[in-house]
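Across the two complexes that follow, subunit A remains constant while its partner is subunit B and subsequently subunit C.
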Partner chain A sequence: MSLKRMIAILGAFYLVMGVLPIFTGSADHLNILTMILIWAVVASCWDVIMGFAGILSFGQVAFYVIGAYASAILSVSHGISPLVSIPLAGCITGVFGIIVGLPCLKLAGHYVALVTFALHMVLVPFLRGPLGRAIGSGGAQGILTVPPIELFGYAFNADTLVPFFYLTLVLTIIFTLVLVAVIKSHWGQAFLVIKDSEQFASSLGVCSYKYKLMVFALTSFITGFFGALYAHYVGMLSTKMLSMDVFTLLMIMMVVGGIGKYPGVVIAAAITVTINQLLAPLGMYRPQIMGAIVILLVLTLRGGIVGIFEKFLSSRPEGGISLGR
Partner chain B sequence: MKKDRMSILLSVVTTVLVFMHSAVFAADATIKIGVPLAMTGAYAGSGDNYWKGITMAVDEINENGGLLGKQIEIVRFDSQEFAPETVMQGANYLCGEKKVSAVHAGWAGWGQDVRAYGKFDVPFFCDDGAEPAVNVYKSNPEKYSNIYFLTDTGKNQGKSMFNMLKSLPYDFPNKKIVIINTDDTWGMEVGETLEDNFKEMGWRVAMHETVPYGINEWGPILTKIRRIRPAIIHVEIPSAQEVVTFFNQFSKHPTKSILSYGWGITPLEVLSSLGKDADGIIGEMPAGMPASPAPNAACKGWLDKYHALYKHDLPAGSWIAYTGVMLWADAVAKVGDENNFAAINKHIREAGYEGLQGKVMFGENNTLHGQKGAPIVHYQVQDGRLKALATDPPFAPYGGNTFQVPRWIKK
Partner chain C sequence: MFFEIIDVFISGLINGSVYSLMAVGLTLVYGVTKAFNFAYGSFYVLGGYFAWLLLVRYGVPGGYLTVIVTAVPFFFVIGFLSEKILIAPLRRYGDWEMKVMMLTLGLSLFMDYSFQSVFGPRVKSIPSFTEDIFEFGDFVILHQDIAIFTVSICCMLGLRWVLNNTRIGMAVMATAQNPVGAQIVGIPKDFIYAATFAISTILAGMGGILLCQKNLINPMGGSDIMIKAWVITAFGGMGSIRGSLYAAFILGMLEAFVGWYFGMMYVQIATLTLLLVTLAVRPKGLLGRE
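Moving on to the complex of A and B:
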C-alpha cells in the first residue's frame, strides 16, 4: 500500500475517532473508544514484528503486561510520577524485548513462537509468586491502586474519560506516525526482504541480526509504553491480563486486519473491540461468533479487512512493493 | 472517481464506528438489573451457579407482580476472566450505558470490581470473598458505600475451616498437615490462615504447596504426601478438574489422612464426577444453606424448588445470589424508588433483610460476615451428596449429622 493511501486511511480513521466523543457522552462508549486506540497501537506493533519482519512472536501480550506492571510498580512502590514511569516502562519493556530477541535471532519460525510464548507463560507465576511480590506486583491480587496521570493539575484516568481519550489519541497518532515511518523507511524494506529470504537479504548487505533486534526493541518499547498507559487508565492490574481471552482478542485483530496489511490491523482493532463488546451479553455465543468470523475471513479473505479495501479501491495493481503475502 | 471511492470508504468506516454508538432502547416499564458474570472461560461454572440463584429470585419477583409494579429485566454482561478492562467495561456498560438499578455479581474480580463499580452509586453485590477486595473498600468507605460483599473474606472462611477440622470427632494419628492451594488471592488467603492456625495449635505444616490452575498431574506432590503421611490434607482449589484429578490419583494409594477440600467441594462437577467415591471428603460453603435436613420449612421449600428447576443439589453461590436480589428488592420496595440509591443503600445497611434462614445484616466493611441468617456451612460427602455437619458462627454441629471416618482411613 502506498504511503499516501496509508496516511489517508489512518487520517480518516483517527479523524472519525477524534469526533466520536462529541456524539456520545456514554462512559461505556468512551471506554471502548479508548481501548480501541490502545489496542490499535499494540496490534500494530505485533503486525510490524510478525507481518513485516516475519518474526513469529507470541510475546505481544507479555510485553504489554510488562509495561503495565513496570509503570505501576514504579509509581506505586517508588513514588515516581506516571509522566516519568510510563516512558521508563517503555524502556524497560524495550530492554526485555532485546533480551527475548537475542535468543530468537538464533532460532527460526515456530521456535521463536515457542520462546516468545514461554515469556507469556512464565509471567503469571512470576508476578503471582514471591519474586513478583518482592518487586511490588501485588502477587495474586495484583495492583489495585495505580495512580492517574497528573498533567497541568488535571488527573487523567478512567474517571476522566474524555480527557484521557484525547490524551491517548494524541499519543496514538504520534506512535502511529512512528510505525508508518518505520514501515515506509528503508528499515521497513529491510524487514520485508528479511522476511522473504534471509539469505537474499544478507547478499544485499542487510544485516538481519541488527534489524531483527531493532524490531524487537522498537515494538516492545511502544507496546510497553501503551501497557503503562493502560495501567494508569484503568488504575488496577492483575495477571488476568495474561488470560487467553485477551491474547485471542489480539490475534483476532491481526486476522481481521490482515497480517502484514497495515493499517488493516488499526481498523480491525475498532471492529474487534466493538464486536466483542456488543457480543458481551451473549456469553458463550461471543467466542463462537468471534471464531466464526475468523474462520470466514481466513477462508474467504486472507488479506483481512484491507483485502476488501484493496479490491474495492483499486482494480489495477499498485506500484511499489507488495506488503504481506 | 477516486474521490467517490474515498468518500464511500469513509462512510463505511464511519458506519462501523457509529454502529457501536447505537443504543438499544428498552421499555421504561421495567426495572433493569445488571448481571456481570463469567459466562465464558475458567470461571464460567461458578458464574452459572450465581446465575441460577439470580434468575430464580427475579422470576419469583416477576411472577408475584414485579417490583413497584414493574417487571425486573436482567441485563447480562460476560465478565470473561476478569481482565481489568473487562471488569471496567462491565461497570460502564451496565451502570453508565444501560442505567441499571442494581448490579448482582458473583466472583467479580477480587477488588478490581470494587474500583470499577465504586464510581457509581448503584448497589453492587459481589461474592469476592477476599481480603484485597475489602481493603479497596476500606481505602475509601464513603466512595465505595454502594459495594456489598455477600460472603466473608477468605481469611475468616479459613479460620472457620480450621475450627471445623480441629473439632472433628476423630483421633488424629499425628500432628502433621499438608496444605495445597491455588496461586490466586482466595487460595493463598485460605492456605496462609490454615497454616498460621495449625502452627499456633502446635501442628507441623509438613508441606504447603501453591499450585497454578490447570494442574492435573499430581504424581510428584502425592509422592511427597505418601512419604509425610499427614493426618490432614487440605486442598483449596476452587475448580473442579484439579480436585477431581487429585482425588482420583490420591485414591490409588491413599494415606490415612482426612481429606479437606474447603470451597473446592462445592462446584457441581466435583460430585457429579466423583459420586459416592467422594464419600468422606470434607468441604465448606460460605453464606450457604445447610442440608439435609433443611433448617426450616421455608428453606426446604426453596431447596425443593431449586432441585426441581435445576435437577441438582445446591452449589455455592446460588442461594446467596438469590438472597442478594431479594434483599435489594426488599429495600427498593421499602424506599419506593428503584433509583434512589442513597436511600436504598442506607436501608440495606441499617435494616438488613429477613431471609429464609433468619435476619441478614451487612457488618463491618459492608461484608456479610458469617451469621445465623447466612452461615458458613461445613459438609462431608456422604452417599454421594453434601451433608451438613456444622454451621458457623457460632460453630455448632448441624442437624444431628455425624462425621464418618473416610473408608481409605478405615482400611
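Moving on to the complex of A and C:
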C-alpha cells in the first residue's frame, strides 16, 4: 500500500475518532473509544512484527501486561509519578522484548511462537507467586490502586474520560506516525526482505539479527507503553488480563485487518472492540462465540478487510497470485 | 526417603508415558502436514468427557474396554472431519501456517467454552480402571498406574507398527519425507494429511481417557496439557517421534521431581527454563533435523 493511501486512511480514521466524543457523552461509549485507540496501537505492533517482519510472535499480550504491571509497580511501590513511570515501563518492556528476542534469532517459525508464548504462560504463575508479590504485583488479587496520570495538578482518571481520550488520541497518533515511518523506511523494507527470504536478505547485506532485535525492541516498547497507559486509565490490574479471550480479541483484529496489510488492523480494532462490547450481554457464551468467529473469519476473510477493498480497487486479473501487501 | 523417591520416580514414569502419547500425536501432525494444532489440548479434554459420558452418564456395559474400542473410530471421524473442513481449505494460500495456528487457537477457545456450557464449569471425575494396589512393605504401586503405563506404551507400539508395517503408515512416512514425490507415485496427499490429523486426534483422546482418571476433567484443562505437549515436541525436536519420546520421559521426571521437592508452582517455570536452555544450545530441539 502506498504511503499516500496509508496516511489518508489513518488520517480519516483518527479524524473520525477525534470527532466522535463530541456526539456522545456516555461513559460507556467513551470507554469503548479509548480502548479502540489503545488496542489499535497494540494490534499495529503485532502486525509489524508478525505481518511485516514475519516473526511468529505470540507474546504481544504478555508485553502489554508487562508494561502495565511495570508502570503500576513503579508508581505504587516506588512512588514514581506516572508521567515518568509510563515511558520507563515502555523501556522495561523493550528490554524484555530484546531478552525474548535473543533466543528467537536462531529459531525457526514455530519455535519462536513457543518461546514467545512461553513468556505469556510464565507470567501468570510469576505474578501470582511469591516472586511477583516480592516486587509488588499483589499476587492473585492484583494491584487495585494504580494512581491516575497527573499533569500540572490535573488528574486524568476514570472520571475525566474526555480529556483522557484526547491524551490517548495524541499519543496514539504520535506512535502511529512512528510505526508508519518505520514501515515505509528502509527498516520496513529490510523486514520484508527478511520475511521473504533470510538468505537473500543476508546476501544483500541486511543483517537479520540486527533488524529482528530492532523489531522486537520497538514493538515491545510501544506495546508496553500502551499497557502502562491502560494501567493508569483503569486504575487496577490483575492476571485476568492474560486470559485467552484478550489474546483472541487481539487475534481477531489481526485476522479482520489482514496480516501484513498495515492500516487494516487499525480499522479492525475499531470493529472488533465494538463487536466485543455488543457481545458482552451474552456473558459466559461470549468466548465461545468469539472462538467461532475466529474460525469463520480465518476461513472466509483471507486478506482481511484490506484484501476485500484491494480486490475491488485493483485491475489485476483474477487468478494471479497476489500475496502482496 | 528412599521409598518416596521411588514413588516420585514412578509418578514421573506414568506422566512421561502419557505425555509421550500426547506429544507424539502433535509431532506426527507437524512432521507430516507442517500444520500446528493448537486445539490439541481440547481434544484431550474431549477424551475425558467421552469417557465420562459413556461410563458415568450412560453406564455402558463393558466399562473401559467399550470406551477404548468406541473411542478409536469416534476420534478418527472427529479428527478427519476437522482437518477436511477447517485446515485443508487453508492449505492453498501462502501464509497458511500462521492461519492454521490462529484457526486452531480459535477452535480451542470454542471447544473449551463449549465444554463449559454443555457440561458445566465444575470438574468431573471418572472411575479408575481398578482400585487394587501392589504392596511391598512401605512401597505401594496402584494397578491403575500400571494399566495407564501399559495402555500408553501399547498405543505407542501400535502407532509404530502402523507407521512401519501398513501401507497407509508407509504412505504417511513417504508424504512426510517428500510430499511432491509421494504425490507422483500416486499417494493421495490430502487423504494422508487428514488421516494423520485423525490419528493424532485419537492419541489426544486416548491421553484424555487415561490421564483424566488421575487428574479430574476440567473444561479449561486442555491448554495446560497443550502447553506441555508443545514444550515436549519442541524440546525433542518438532517432527521427530523418537525425540519427543525421550523428551516426554525427561520432562515427566522433571515435573515429578520438581513438584515433589519445590512444589507444583515451580513446575512450569522449571520446564520452560529447561526448554529455553535446550533451544539456546540446540535450536532444533534434541533430535530435530537440521
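Operating definition for what follows: the second predicted complex is superposed on the first by the 295 of 325 C-alpha atoms of A that agree within 3 Å, B and C clash if a C-alpha of one lies under 4 Å from a C-alpha of the other, contacts with A are read in each partner's own complex, and residues count from 1 in each chain.
Here is the rule we use: contacts are C-beta pairs under 8 Å (C-beta built on N, C-alpha and C of every residue); 3 or more make two chains touch, one makes a residue touch a chain.
Computed from a prediction, not measured in an experiment: that's the story for all the values here.
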Partner chain(s) touched by A:287 [first = subunit B, second = subunit C, both, neither]: both
First (subunit B), second (subunit C), both or neither touched by A:230: first
Partner with the higher number of touched subunit A residues, subunit C or subunit B: B
Subunit B versus subunit C as contact partner of A:29, first or second or both or neither: first
Touched partner set for A:245, first subunit B, second subunit C, both or neither: both
Touched partner set for A:206, first subunit B, second subunit C, both or neither: neither
Subunit B versus subunit C as contact partner of A:278, first or second or both or neither: first
Partner chain in contact with A:162 - subunit B first, subunit C second, else both or neither: neither
Partner chain(s) touched by A:125 [first = subunit B, second = subunit C, both, neither]: both
Subunit B/subunit C common contact set on subunit A: 125, 129, 244-245, 284, 287
Contacting residues of subunit B [partner subunit A, same complex]: 5-6, 8-10, 13-14, 16-21, 23, 39-42, 44, 75-78, 80-86, 88-90, 92-93, 95-97, 109-112, 115, 119, 130, 132, 135-136, 139, 183-185, 187-188, 210, 212
Subunit C partner contacts - residues on subunit A that touch it in the complex: 50, 56, 103, 106-111, 113-115, 117-118, 121-122, 125-126, 129, 244-245, 247-248, 251, 254-255, 259-260, 284-285, 287-288, 290-295, 298-299, 302, 321, 323
Subunit A contact footprint on subunit C (complex, rising order): 30, 36, 86, 89-90, 93-95, 97-99, 101-103, 105-114, 116-117, 223, 227, 230-231, 234, 238, 265, 268-269, 272, 275-276, 279-280, 283-285
Subunit A residues within the subunit B interface of the complex: 8-9, 12-13, 16-17, 20, 23-24, 26-32, 35, 124-125, 128-129, 139-142, 144-145, 158-159, 230, 234-238, 240-241, 243-246, 267, 270-271, 274, 277-278, 280-284, 286-287, 309, 312-313
